[in-house]
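Structures follow.
Shared chain: chain A. Partners: chain B in the first complex, chain C in the second.
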Partner chain A sequence: MAGEKTVLVVGGGISGITAAVEAAEAGCKVILVEKQPYLGGRVARMNKYFPKLCPPTCGLEINFKRIRKNPDITVYTLANVESVSGSSGAYTATIKINPRYVEDHAATSKCVDDCPADISNEFNYGMDKCKAVRLPYEMAFPMSLVADAEALRAVNGSELGAFMDSCESRGIRIDLHAQPETFKVDVSSVIWATGWVPYDATKLDKLGFGKFANVITNVMMERLANVGGPTAGHIVRPSDGKKVNNLAFVQCAGSRDENHLPYCSSICCLASLKQATYLRDYNPEAQAHIFYIDLRAYGRFEYFFDRVRNDEKILLTKGKIVNIFEDPVTKDVIVEGEDIMSGEKIRRAFDMVVLATGMQPTTSIDKIPTAGVEYDEFGFLVSDQGIHAAGVTKRPMDVGTCLQDATGAALKALQDTLGR
Partner chain B sequence: MSQKTGVYIDTGYGIGEALDIDALSKVATKEFKAALCRADSYWTSPDKLAIIRNDIANEGLTAVLLAGPSSRVFQQELSFEGVITERVNLREHVVWCHPANDEDTQMLAEDYMRMSLTKIGKYEDRPAFLEPKEKGILVIGGGYTGLTAALEAADAGYQVYLVEKESQLGGWATKFSKVFTGKPPYDQIVDSPVSKKIEAVLSHKNIKVFLGKRVYSIGGAPGMFDVVIRPDGAWNENLVKTQNEWLAAKKAKEGKGEEPEAAKTSEEAAVPAEVFVDEVDFEHEDVSVGAVVLAAGWRPEEPSGMEHLGYGKYADVITSLQLEELALNGKIKRPSDGREVKTIAFLECIGDDVQHPWLYSSAVGCLVALKQAHYLRKSNPDGRAYIFYDNMRAPGQYEKFYRAMQDDPGVFLSKGIPVSVSNGSSSLSLEVKDTLLGEKLKVSVDLIVLSTGMIPATKDAAIVNLKYRQGPFLPENPNGFNDSHFICFPYETQRTGIYTAGCVRGPMDFLSCETDATGAALKAIQCAELVSQGKAVHPRAGDESFPQIFTQRCTQCKRCTEECPFGAYDEKPDGTPMPNPSRCRRCAICMGSCPERIISFRDHSVDMIGSMVKAIDVPDEYAEKPRVVCFICENDAFPAIDMAGINRLQYSSYIRFIPLRCLGNINMVWIADSLSKGIDGIMLIGCKYGDDYQCHFVKGSELAEYRMGKISETLQRLVLESERIRVHQLAIDEYDQIPKLVDDFMETLSGFDPNPYKGF
Partner chain C sequence: MAKEFVAEPDLQFTKDLIAAGGTDLKKCYQCATCSVACRIAPDNNPYPRKEMIWAQWGLKNKLINDPDIWLCHQCNDCSTQCPRGANPGDTLKAIRKMVVQENSRPAFLGKLVGEKSMFVLATGIPVILVGLLLYVSGWSFPEGPVTYSAHHLPPKKDGFIFTPALQVLFTGALLFAVISLFLSLKAYWQNLNDNNPVPAGRQQKPFVPSLVEALSEILPHSTFKDCEANNIRYSSHLLAFWGMIGLAVTTGIVAFNVDILGILPPSLNGPGTVPIKILGNVSAVAFIIGLGIMLMRRLTAPDQTGGSSYFDWFFIYTILGTGLTGLLTELFRWSGIIGGTYVVYTIHLIFVMTLLLYLPFSKFAHIGYRTVAIAWSKSVGRNLKTTVRPNYVPSASAETAAE
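Right, the complex of A and B next:
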C-alpha cells in the first residue's frame, strides 16, 4: 500500500494516532508504527484527563474505532523505524517488526492464567507482575496477546511444553522461534510522534526514589488510582498496603532544574492537582499537600485550579523540597525543604510522596535515524522542514494541545503528498 | 427489504463448549430461514474467510451475520464489499459473563441471534447524499491565525477566501513591538513574524482576500455553504444588537424554565426574521465554500475593579497593550508628561479574592510582562522592571526566557499581591503584600502595567452569522468557548464544518496559534472532502447513512429541529423540518426525539430497534424468568460491557443489551414496545453529562434522562411501577460496576409482579 500519498507516522501514542487518523480521513494512506505491542502510548496508562476528570480510554476507543473502520490505515505494533532517507514527497523508510511470539484468537488476559512465567508489568510501571503471555491491557488495540519470549524460554522444557499445548487447544499458538521482519516502504511524508518518557527519578538522588518504598512518581500514581492498575484502583502504600491518608506531591522533580531538565514540563502542576482529586475521591478523610515553585495552571485550566484549591483538604505550599528521608520503622516519608513565603524550614512526614517528574522527549534518547534533523538543546525536534514533529516531540504539551499539533502535522503531511 | 443471509457461528473462544450450537443454528435456519448457517471455530482465519467470500459469490448472499467475538475486534477482516455485515456478540456479552451450558445463557444467545437477524431484515437500500461539492475554505479573520490557516489550506491546493474586517491584514500581530516565538534559542524576542505571512497570502494564487469586509451570513451546509460577504458598516452593529438580544432572551428563558433547552417546543427559538432580511440591494459578494475556519481572535478586556490600583485615575497606570504602543515608538515615555520611563512595575495577578480578571491572559500574561521588561532594559540600560505575580507561568522551553530575565540585574521578580497605588512626588507609589521580601513592600515607579485580559471575539458577536434554525451563534461550552470536546477532539464544535482556531478559543502565544490554525485548516479540508463523498465527519467519519423524514406524517412538533445538537435541521415554511444531511453527525438524536417515529437511517430506524425488542422470546409469567432490555451507548457503555466480559465478570443473564448510536437516540416508543412485549424492566446506560460531559454528541445522555422523566407518568397510567425504568451514567472505565448495576436492578424487579402484559 506504500507509495503515492502515503504518510508514515512514527509513534502510536495520542499524537501519532491523531496524526494518522486525521491524515487518513483527509484522503491519505497511512502507515502507523508503534514500538509497544499496543497503541495509546502514555495516555493509555493514565487514569483520567485534567480538567474534565474523564477516562482517556473514552477518546482512545473512538480513535481505535476510526482506525478499525479505515482500510487506509495500516498499523504495525512492536515495530521500529530503523532508517529514513529521501526528502519531502519521496522518502524510503526501513521498518522492523518484532515478533509477538503468539498468534491468538482469544485476546484476553484470562486465557493465560496458567502461564508458568511471570514478568514485571511494564504497563503498570513495574508495580506488579503479569504473565509472560498477556493482553497488554484490557482495552488494548490491537486486542491481541503478546509473549515475552525470554521469560518463556527460561521455563523448563516439559512445563513449557505442557503450557504451550494447553494454549494450542484454546486457539493460542506460541512460537518462540518467530523472527523479526524487516522491510522498506516508500512514503511521501513522515510524521515523528515518539512522545516522551518520564524523567528518570532515580537521578534525583536526594528525593529517595528507588530507595524508599513509599516514594513513587506521578506516572505510577496514575496506575495506582486506576481500576486496571496494580491495586485495582486502591490508593495504598507500596510498603504495607495501608490506605494513604496523607499524601505529598513534590513539584518540579527534575524539571526547571539546570542539572536535570532545565525547561518546564508544563503539565505536572495540573497533573498533581488532578491526582490530588484521585486521593480525595478515593478516601474522603485523606489530605493532599502540594509543594510547588509556581503553580502553572495556564489558560482555561485556571478554572480547574480554582475548583481544586477550594478543597480544604488539598493544601498548597510554595516551597521547594530538597531532601526526602524515610522513617525506618513506620516507612513514613519525611520531606524537607524551604517554605518560600515564610522562609521557614519545611519538615513533615507523609504516608506517601508522589514526585512530579517531568517529560523528557524520546528524541533526546532515540534520535531520528536520518540525517539533517535539528534538535534544540533539550532534544526536542526543531526543524519544521522535512520530517514533521507532532506533540511532545516538539515541546511539553497537554493532551488537547498535542491533538491540535498532530492535526496540524497531518496537514503538513497532506501537503507533502502533493509532490510540491 | 428481505436479505439473503449467511450465518456463521464461531465455536472458538469457549463458545462451542458453552452453548448448544445446533439449537442456535436452528434459530437462524428454522425461525428466520437464513440462506445458510455454518458453525466452525475462528472464522477470522484466512481459510475460513475464504469460505465466507465463496458463499457470498456462489450463494448470492446480501448479508453476513457472524456470531462470535465482539464487533470491536476483527472489524476489517469481517467487512465484505457491498454486503451487510452484522455481528452477534456471543463472546464478550454471552459466554464470558454467564455460566456455560445453562438454560438462561442459551436463551440469551438465541435472543441475540433473533435480534440480529431481525435487524438485518430491516436494512434499507438508500444512496449516500452526494450534493455537497464545494471544497473551498472560508477563513474569517486576517490575523496571525487566519493568515496561517489560509496559507496552509492554500498550500494543500484548496481555494481560500479570507475575510478581514480591517482595511489591512495582520491583526494584533502588527501592533506588537516584538514577540516571543517559542522557537530556539527561546531567550530572545524578535520582530513580529506577521509581515512575511501577509506577503505570502497576498501573492498566493489560491487565496482571495476580502479587506474591510465581514461575513454577513452563512447559509447552507458543509460542502455547500453560501457565504455573503459585505463591506463593514453600520449594518453590523444593528445585526449584532439584534442577535445578542435574541440570545439574551433565549438564555433568560432557559435560565428560569424547568425544561432543558432541548425540550422547548415553542417557536421562540427560531431566529427572528429581521436578523436576516433577505435584502439584496446592498453591496455584497457571494462565495460558496465547503468548510469554514473561524479565526476572529480577541479583544482586550477593559480592566475593572482596578480602582485601588489607580487604573483610570492615573495616566501612568496602563495596560500591557498600551505599553506595546509606547514601545513601538522607540523610547518608552510616560503618557502623563512624556518623560522617559526608568522604572516599571508589571502586575500579573491581583489576589485570590478576585475572580480571575486575568483568566484570558493567564497563558501568556507572564511572558508578556517578561518581554516588556526586556523592552525597557533595551531602551533604557538604567531602567528597572518589577514583575509581581502569583504564579510565574513560563511553560515549556519558555522557562529559558524566564531564566534569562531572572539573570538580568535590572529585573526584579517576586510573588506579590498589589495593595494600592498612590501618587508620589514625581512617580507612582505602589504597595505590594506577600512578597518574597516580606509582608509589605513599597516601590516608586514611573509606570504601572496591568496584564491585559483577552476576550474571545465570539463573546461579543456571532460573527459566523449562521442562517440556521437554531440561531446565528456557535454554541458555547461551559467555559464560554465554542469547542465541544476540547481534550480529545479539540476541533469539534456544535456546527459541523466550522472549526475555530487561535485566540478565539483561548489565549495563546504565536506558536500555538500557528499550530492551531494548521490543524483547523486540515479539519476544514477533511470535512469538505468527506461530505463531497457523502460521508459523515467525526465521530462517525465515513458513515454514509443520513436521516430521512417521512414528512407526510410530520406534526410540526419541531422537536427534531430543536434537539439536534448540531443544528442540522432548518424549517420549511409549513413548519416541517428541512434536513441538511451534510451538517448531520449521524447521532440519531432526532430519531429518538420524534414522537411520530418518522425519522430513519438506511441502517438504523425506529422500526428496526422496535422489531429487535419484539424479537426477544419472552417466557410466560410462570416461568419465573424476567426479562430486561438495556439500551446502551455504543461508544462507551458497549466497550465497558465488553471489558466486563474480558474480565469474566458475571451478571444476570436475563438482560438483553441493545446498542444505540448515542443514548439520546432512544425513542419512547421502544419503551412502550418493550412493556407491551412483557419485558419486566428497562435500563438505559449512557455517558456522564453535565459541565464535564463525556457524551460524544454533547447532550445525548442528558436528553435520554429527560425523556425518561416523562415516561414515568406513562408507566403510572399503565399501573406499572416507575422503578421498572432506570437510567445510569457510566464512564467507559467503570466496567467493574456493571454486575452491580444489573443485579441491583434485578433485585428491584424481584419486588414486583411480572409484567402483566406478557403473552399479549
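Right, the complex of A and C next:
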C-alpha cells in the first residue's frame, strides 16, 4: 500500500478536495494547500448546480466531513506552493503559509460587527463590502476568522487599539505582526488543481462591463441569486436595486474568440440556462433572453436544455451580442446584435445584462513553480508525469466531470507513491 | 424565408473566392459579429454575415447578384473584430472581383486583367499600342524645347507624338472602355432587379433619382467616414477620388481647348500661369498623396487594411503609375532634361492606356459597380434603422427558438 507516502494536492476547490479525500481514503497521506482562507473554491460561491439545481453547500459539507474525520489529510489555507523540485515519486515542495492575523480562541464571530475597517467583499466578486475581520462566508471551512492586515493598519491608531482591546476581551486575538511561515515537505506525487478564474470582462471593451452598472458577469449572477450574496438572494439590479424583470444573457462573452479565449468553456450555456431559472423562480413575471452563437448542452444535459426552453418566458435568439450601450437616464442596458434566424439587427433594452464569460485556467496566469511541465497554448496543463492536473487545470469542465477527473488524478498519484 | 429556397452549391466558385483573396472564409462560424461591427450595414438583412455563409456554400448566384457587397467600403471593422479571423472584409473584396469578372464584356478581358499569370500579356498590350504610336510618329525626339504634339508625320516631324494618331488611339480606348462598362452595368442593374425582390409594400424608385441620391452620398464619401478600423482610408480615398476628378476635368478642358479651340496647351505657358494649370497640379498632388497613403497602409498595416490580392496590386500599379509618371514628366520638363521628359512621357502614355483600356475589367470598375449598386439600394430603400424596444415582449410564436 501507499503507506507513509504523501501526496501534495494544490488547490482546495472541488477538484482538489476530491483528489485529497480519494487519495487519503485509499491510504495515502495528503497535504492540501489552498491560497484562500477557506476551502471550496469557485464552487463555494455558486448558488446552484445544473442540472439538478441543488445547492453546492451540501456536496461541500460531505467532503468537509470526510476531511475532518481523516487524520491523514493536512489542510493549509492561505498557503501557496512556492516551488516544487524532484521527479515522479520524490518531490520536495516549499510551502508558504500566510498569517490569518487573528486567533479566535472563543470560536465566535462577534467581533466582526464592530470592526472599524470595511473591505471589498471578494467572495461576492466585489459587489458589496465586508468587515476587515470576518468569517469568509457562513459555511466556511475551516470555520475561522481571517483579518485583512493592510486594511486594519490603515485605521487610525487609537480606534484600532480600542477595537483590538475589545476583541482581546472576548477571546479574539488580533496580531498584525504575524509573519508568514515557510517550510519544505517531501512528497511522492503532486496533484495540481488550481482551477480557473473568470475571464476578465473589462477586456471586452464593446460589452460595457465596468462602465455600465447593470452589466454583470455570470459568476456575479450566482452571488446575486444566493441568499448569502450581496442582496440576500434578491435578483435586483446594481444601479438602483430595482427588481429585474427583463434580463439578457450574452453567451460567448470573450469565448470562442481568438482575440480573447479562443476555446469554448463548455459550461457557460448551461450556466445561463440555469441562471435563467433563478430569475424565473425568483420573479415569475420576469423574462430572460439568451443570445447565443450555438447553444451547447452536451451529453445528458440536453434534457436540461429541453426543460428550460419550454419555459415561454425564457427566450433564445441565435446571434452574438456585439455592442452594449446604456440608457443614461434609466440605466437600462441596450444590446446590439443580429438575429440570425430573421436576418434583422437587434437593438433592445434590458433591465440588466449577464455576460457569460468563460473559464481561464489559473495556470495561464500562475504557472506551476517547477521545471518540466507542459501547457497548451491556452495555459491548460497537458503533461502528466508526476505532477497531475485535476479539474479545470486540465480543460474547462463542469463540477460533475471535475469529480471524476480528480478521482482519476488521485489514482495516478497513488501509482506514483508505489513507484510504478 | 418567405419562399422555399433550394441551394445550388457551386464549389468551384468557393475555391475561386478563396483564390481571389477570401482565404479565410471557411473559418466563419456565423456568430454575426461582423454584421453588427459594420457601422454602415443596413438593419434589415445586414452584411457580411449572410455573404459569408453564401460564400462557404458556393451560392454563386446569390453573391453575384448581391448589391450589399458594394455597400461595403472595406474599412475592415468586421475583420478586426471577427472572433475567428475569417476576415469577412477580404471575402467581400474577393466577391467584388468575381462580380467584375462575371459581368465583363468581352469576358476574356476580365480574365486577362484578373489573373496573375496574364500579367505580361496584360501589360504588354498597352506597350505595343503606344509602340505603334511611336512608330507612326517616328522614333526620334524632336529638336528644340519639349514639344509633345506633332502635327506632321516624318520627315517633317514638328513634335514628339503625331497628335491625330494619339487622338484616335486614346479616344478609341476610352470609347471602348465606356461602352463596355456601360453594357456591363446595364446588365448588372437588370440582374439586381431580377434577383432581389423589392420588399413588400415598397415601391421601387426609378434609376435617375436613385442615382442622384447615391451620388450625393458618394461624392462627399459620407458613408465611408463611419468606418473605424481603417478610418484613414476615408481621407486617402477622398484625396485620390477628387484628385482623379480634378485631373479628368483638366484633361477634358485642355483637350477641348487644344483640339477644338486651337489654344496652346498650358505646358507652354510655364508653371501656374493659368487656372487650369493650378487645378491640374493640385489635383495631381492630391491624387498621388491619397494613393501613396493607401499603398503605405497596405504595406505596413495589413491587419487593418485587409489582405491585398493581385487584383488590388494591379489596380494600384496602374493608377499610381499613371499619377507618378504624369507628375515626373512635368518635373523633367521643368528641369530641362528633354530626353528624359520624352521617355517618362512615353511611359505615362502606356499607363494611361492601361488605365483606360482595362477600366471595365480591373478594380477601377468599382467606380461603376459601386455607384450602380448603391443607387439600386437607394431605389428600394435599404437603410432602415431599428429602434430600441424597451421591455421587449415577443409575440407568442416569433421568438422562442425554432424547432
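Simple rule for what comes next: the second predicted complex is superposed on the first by the 409 of 420 C-alpha atoms of A that agree within 3 Å, B and C clash if a C-alpha of one lies under 4 Å from a C-alpha of the other, contacts with A are read in each partner's own complex, and residues count from 1 in each chain.
Note that in this section contacts are C-beta pairs under 8 Å (C-beta built on N, C-alpha and C of every residue); 3 or more make two chains touch, one makes a residue touch a chain.
This one's a predicted model, so the numbers in the text were calculated from it and none came from an experiment.
Trainee: Check the residue A:Y298 against both partner chains and state whether it touches chain B (first), chain C (second), both, or neither.
Mentor: In the superposition, A:Y298 contacts chain B only.
Trainee: Should A:R256 be classified as contacting the first partner (chain B), the second (chain C), both, or neither?
Mentor: In the superposition, A:R256 contacts both chain B and chain C.
Trainee: What is the contact status of A:V219 with respect to chain B (first) and chain C (second): first, second, both, or neither?
Mentor: Neither chain B nor chain C is touched by A:V219.
Trainee: Touch check for A:I340: first (chain B), second (chain C), both, or neither?
Mentor: So A:I340 meets both chain B and chain C here.
Trainee: Name the chain, either chain B or chain C, that contacts more residues of chain A.
Mentor: B
Trainee: Taking the superposition on A as described, I'd like to know which of chain B and chain C A:P71 touches: first, second, both or neither.
Mentor: first
Trainee: If we overlay the two complexes on their shared chain A, which of chain B and chain C does A:G319 touch? Say first, second, both or neither.
Mentor: second
Trainee: Examine A:P396 and indicate which partner it touches, taking first as chain B and second as chain C; both and neither are also allowed.
Mentor: After superposing on A, A:P396 lies in contact with chain B but is clear of chain C.
Trainee: Should A:A20 be classified as contacting the first partner (chain B), the second (chain C), both, or neither?
Mentor: Once the two structures are laid over each other on A, A:A20 reaches no partner at all.
Trainee: Can you give me the overlap between the chain B contact set and the chain C contact set on chain A?
Mentor: The overlap between the chain B and chain C interfaces on chain A comprises residues 256, 294-295, 318, 340-341.
Trainee: Across the complex, what residues on chain C touch chain A?
Mentor: It is residues 29-33, 35-37, 41, 43-46, 49-50, 81, 83-85, 386-394, 396, 399-402 of chain C that touch chain A.
Trainee: Once bound in the complex, which stretches of chain A touch chain B?
Mentor: Interface residues on the chain A side: 22, 25-27, 49, 51-55, 57-59, 61-62, 65-66, 68-71, 105-110, 135, 138-139, 143, 170-171, 226-228, 256, 262-266, 294-300, 302-303, 306, 318, 340-341, 376-378, 380, 382, 395-397, 399-401, 403-412, 414-415, 418, 420.
Trainee: So in the complex, which bits of chain A are touching chain C?
Mentor: Of all residues in chain A, those touching chain C are 206, 245-246, 252, 256-260, 287, 289, 293-295, 309, 312, 315-320, 322-323, 327, 332, 334, 336-338, 340-341, 343-349.
Trainee: Going by the contact rule at the top, pick out the chain B residues touching chain A in the complex.
Mentor: So the residues of chain B touching chain A come out as 12-14, 41-42, 44-45, 69, 72-73, 75-76, 96, 152-153, 155-157, 182-186, 356, 359, 362-363, 389, 391-400, 403, 415, 434, 436, 479, 481, 485-491, 506-508, 512, 515-523, 525-526, 529-530, 537-539, 541-542, 635-636, 639, 643, 646-648, 687-688, 692, 694, 696, 731-736.
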